[in-house]
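The structure under discussion is supplied below as structure tokens; questions concerning it will follow.
Residue numbering begins at 1 within each chain, and the chains themselves are lettered A, B, C, D and E in the order written.
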């Protein structure tokens, strides 16, 4: 009886510890968001969003950086999601037993630990020089796509693992080929988990500065990039530049730009979440 | 039909192969550039010298201070993020109302999306002064506050991915445990966590990777002072911070000083390689037991 | 007369879905009761109310009283973990933990903090013997439970439940995934356990219900249509619905 | 005489585990054959060899020949997807796709590239009618298949299989998760489908085997112990093993 | 390498020079709206690497070109000219509550920062005996920056000769925070960062080696050279290749004409009139030597 009491106490304490941890995480988030919002929200207006950069903090805007970030976001997702999901599917469904896959598995785990700046150096060499993309949006996106690929692959695999075998068997039993089974059943059924990985990965990609600077992203870009081969800058670079300026007014600009960057992330997460909840609701085993 | 299937398999394999090309590319870049470095600096000096001062007139090329700094901040970050992240995952999965779970999870994911500059200044201007009240000997820049803040940043990686893994454990196991009179706490730790260990380990590996690769927080809050120490209260520098500083700095390309970043990079690569192999080994052991 | 288990005017809703409609029943100790009825009629739901396994389900709502040994188990003061130790449950699909046979059986003890080897060893032998599995596995207790056959797994799950000395055993279609040999072993087991326990079994198999139970309860669309001694139910049911169901002339 | 299905000296190994031992059998068209035997004796394994569902399993290895309509299905030239369309399969646990009822039924057509609405509509009605489900769901074809009851789900799985007009139907314990009403519906269905199809059913339920099958095959530890007309098997089996199993005096 | 599109000028290089180039670019485009000027900050070294490959027109440099970089240019047949565009003062700073440290000599600075000071000069009183016996904590710019090179050269005598046990940061705002939070702090960094944070930190006067008077850092004292030796020149480098394009010629002319005004607007110190006229003359010569290519 006393043992049961003790169990209950442990259980209760853990519950409160769990609440505590969650509240801790959330309150850090709230503190961040509030301090940034208090600092920067007043600075946000239509002019701020639609103006070019300037050395005058009150005149400076983020238009090229914002559009640059959107370009990078879309292109990086467009490159990394298909390749990452395809790799994950291959490793989990086709290459389980062969040596190539084993080798790939360790290899991918290693890639996840390579710091982003090294990807920058790689991107400069391969995309910038050898493939002659220069410091373009495309070169930056390719670099970031490589950077987040491991996360997409790993989470795809974990999500696919969780799909029950009965679903595969049902499909095979009806004469579906392997690929039909994968594309029509397994991948849609695991989409929820895949999306979690993609959210985390892309959130990371759009916050990166160093690898992009190495690849050739600029800071002062007084025009809106209009295609993937254009030169560009992104919000985090603009933010970092402003943060390191001596004048305090730029700190306010940085906070305002951070709010915009977070808004971009929210919208993206919102879309992804909507999809995740939809898919997870549909498939309850 | 059959040809199409073969084609698709080949295409998928090719996509998976891109990661091999990436590795080859990274190794090529690292090795070709650090080759010149190791031609000048003997490996023994690189590994045993206790100072890292390539950019001073009195040059020392001992990588260990940077390795120590990297280890220190990563260990601190994981020591915070693993218990907190896993607790959150378990709490959301076993205790919290599904509605709460649905809204808290994405909210926490926002933490991973906040630009790391923000974390860096938060560490420097809020966390460090706060910690100094508890530990008066804490320096203005330290591994401790950088590591802790980094830990907060990677919490969602652990909490979200682990929660996904716990969620995927078959309901029947959960019911078996509850049916025996287990508390949610016991069910979580004796049944669910072991059954989800593969996914949890993956989340931790990804979190460690992110911590090792993080630069901005460390650059701002940890002091950029290579220090061969395990003391979390003093300034340190990590491998990645060093690489970022030099690769976007004023050092001339092709010089020995510039090549140090590739030597540091290859060290980090080997470091993560060892780390991954260890975790692979752990994972294999766990999976043998639970499948 | 003192009843082991009494349910009074139980109503269960899942959200707006009324799945158990004003069901009352009383069970005597050391009897076997079979719940029968078509799919979705609420057998499992009602069974799971008896050890509060539905507590964690979203939208689940229960009205009424369930008493075990005269005490309302939905009382605030009742500790649900204690209750579940007293009222064991076996599920339709064998669900052993991915651990060794030994660890599966002692799980219930370990979570009570009992870790003394002699007690554990003793319990393992006793429970496995009660579950008629001892002879088959005694040399291999360290083997993973997942390597056992379906029938063995189900008996292991029963042994695991017996390890904590419950007084009531709830079984939700415990033999539906088993072959006839394993099934008959489980049925024998139920027969043997009756002297120590009060047992409720959900089954789709009329022959099984007839073979093992003393009392049978027929559910239909959330109603308890009829409940009587098994002999009576299968030979001379009061309701035509029951008659139709038992003879397969339904729907 | 021409057989629908012939298996010649089939041996199956999982790694070093010999699970099917030199089994041969011949089945005539438009008959129902029941496979019975204790758990783990290889019934499912053998059944799954017949439409090559084991192809993807690690370590699976088969020797021998299986002919359908005289053609060896393990021939290099045979397209396994084609084969599976011709030889449908229904599993123990209903496993509908998490899609609408309609989409479940037309899945087999869609993967063949058939997307014409009129054909699909026609097929849905025909197959659901064949599976005795049409009346229950015809107004609600857009509903998620997961909202159906277990018995309905299983009939949906049968309908889904029938949609591609198979000539052989393999059923692995199709009624073990169902209540008697659903079970009898499935049994009736088997009876009706026999005029168009050759059916093999694995079951643990002796009554069921007796009720639905023309021929019964008894497996034990990977051997095909005995195979004969169901009437003969259940009244006058040649082997004592069979006798013991059928009467439940086994083990 | 840029075909079609509007005329454009690409600048990259030092993040220290960046604000000047940005200001010039902004003003230039205000009068030449059809020209696109982009400015990056991949560092002086990164910039020179692109510069020597002809990938950019102008490199911002916080230090003179090095011999390796020069030979890389030669190898690619790229001739260039450098122009001084501004001075950046370095402020010596301490915590505002520091009452004792009001001025300091170059010798004292040297004693504090030279390599042998490591692990030996650890308390204030070791610099001047009437200063307190308290630990001194040092802050300074990152070792790969031009500021660090210049400071060590001016104070210790050789570039990069420096003690290693101090807290460094690439970001001067971080140093401001560090000094402002530590009452025993002693640091140095760009003048603009001191000017913008006078409420948080206190400047230390440097005793001019020639006049032997303490001089506090300010735009004026740097400009009139009384604040010495802690100010360093900032440069831009221009390739001859770029001079084939009229827009670049216009831009450089504009840069030299306006850098005095614009560099002060971003917190740096402008060249003196004499220095400016030297740069103007250098530019005229350079332009003449590389006439604009006549369009075919």
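For this structure, a couple of remarks:
As a working rule, contacts are C-beta pairs under 8 Å (C-beta built on N, C-alpha and C of every residue); 3 or more make two chains touch, one makes a residue touch a chain.
What you are looking at is a predicted structure, and each value in this text was computed from that prediction instead of being measured.
Using the contact threshold fixed earlier, the set of chains in contact with both subunit C and subunit E is A, B.
Minimum number of contact steps separating subunit A from subunit D: 1.
The chain with its Cα centroid farthest from the Cα centroid of subunit D is E. More C-beta pairs in contact connect the chains of A-B than those of the other pair, out of A-E and A-B. The centroid of the Cα atoms in subunit D and the matching centroid in subunit E are 82 Å apart. Averaging C-alpha coordinates per chain places the centre of subunit B 48 Å away from that of subunit C. Between the CA-based centres of subunit B and subunit D the separation comes to 51 Å, rounded to the whole angstrom. Inter-chain centre distance (subunit B to subunit E, centres taken as mean C-alpha positions): 35 Å.
Among the residues of subunit E, those touching two or more other chains are numbered 15, 41-42, 46, 170-171. Of all residues in subunit D, those touching 2 or more other chains are 81, listed in ascending order. Shared contact sites, meaning residues of subunit A that touch two or more other chains, fall at 7-8, 177-178, 213-214, 243. Those residues of subunit C whose C-beta lies close enough to touch subunit B in the complex are 51, 53, 56, 58, 81-85, 88-89, 91, 93, 95-99, 107-108, 110-112, 146, 157, 160-161, 164. On the side of subunit C, the complex with subunit A involves touching residues 79, 81-82, 111-114. Here subunit A touches subunit B in the complex through residues 7-8, 10-11, 14-15, 17-19, 21-22, 24-26, 28-29, 32, 35-36, 82-84, 86-87, 89-91, 94-95, 100-101, 103-122, 125-126, 146, 149-151, 153-155, 158-159, 161-162, 177-179, 193, 196-197, 199-200, 203-204, 206-207, 209-210, 213-214, 236, 239-240, 243, 254, 258, 261-262, 265-266, 269, 273, 277, 285, going by the rule given at the top. Of all residues in subunit B, those touching subunit E in their complex are 51, 53, 55-58, 121, 124-125, 128-129, 139-141, 219-220, 223-226, 235, 245-255, 257-258.
Subunit A makes touch with subunit D in their complex at residues 96-97, 166-167, 169-178, 180, 184-185, 189, 282-284.
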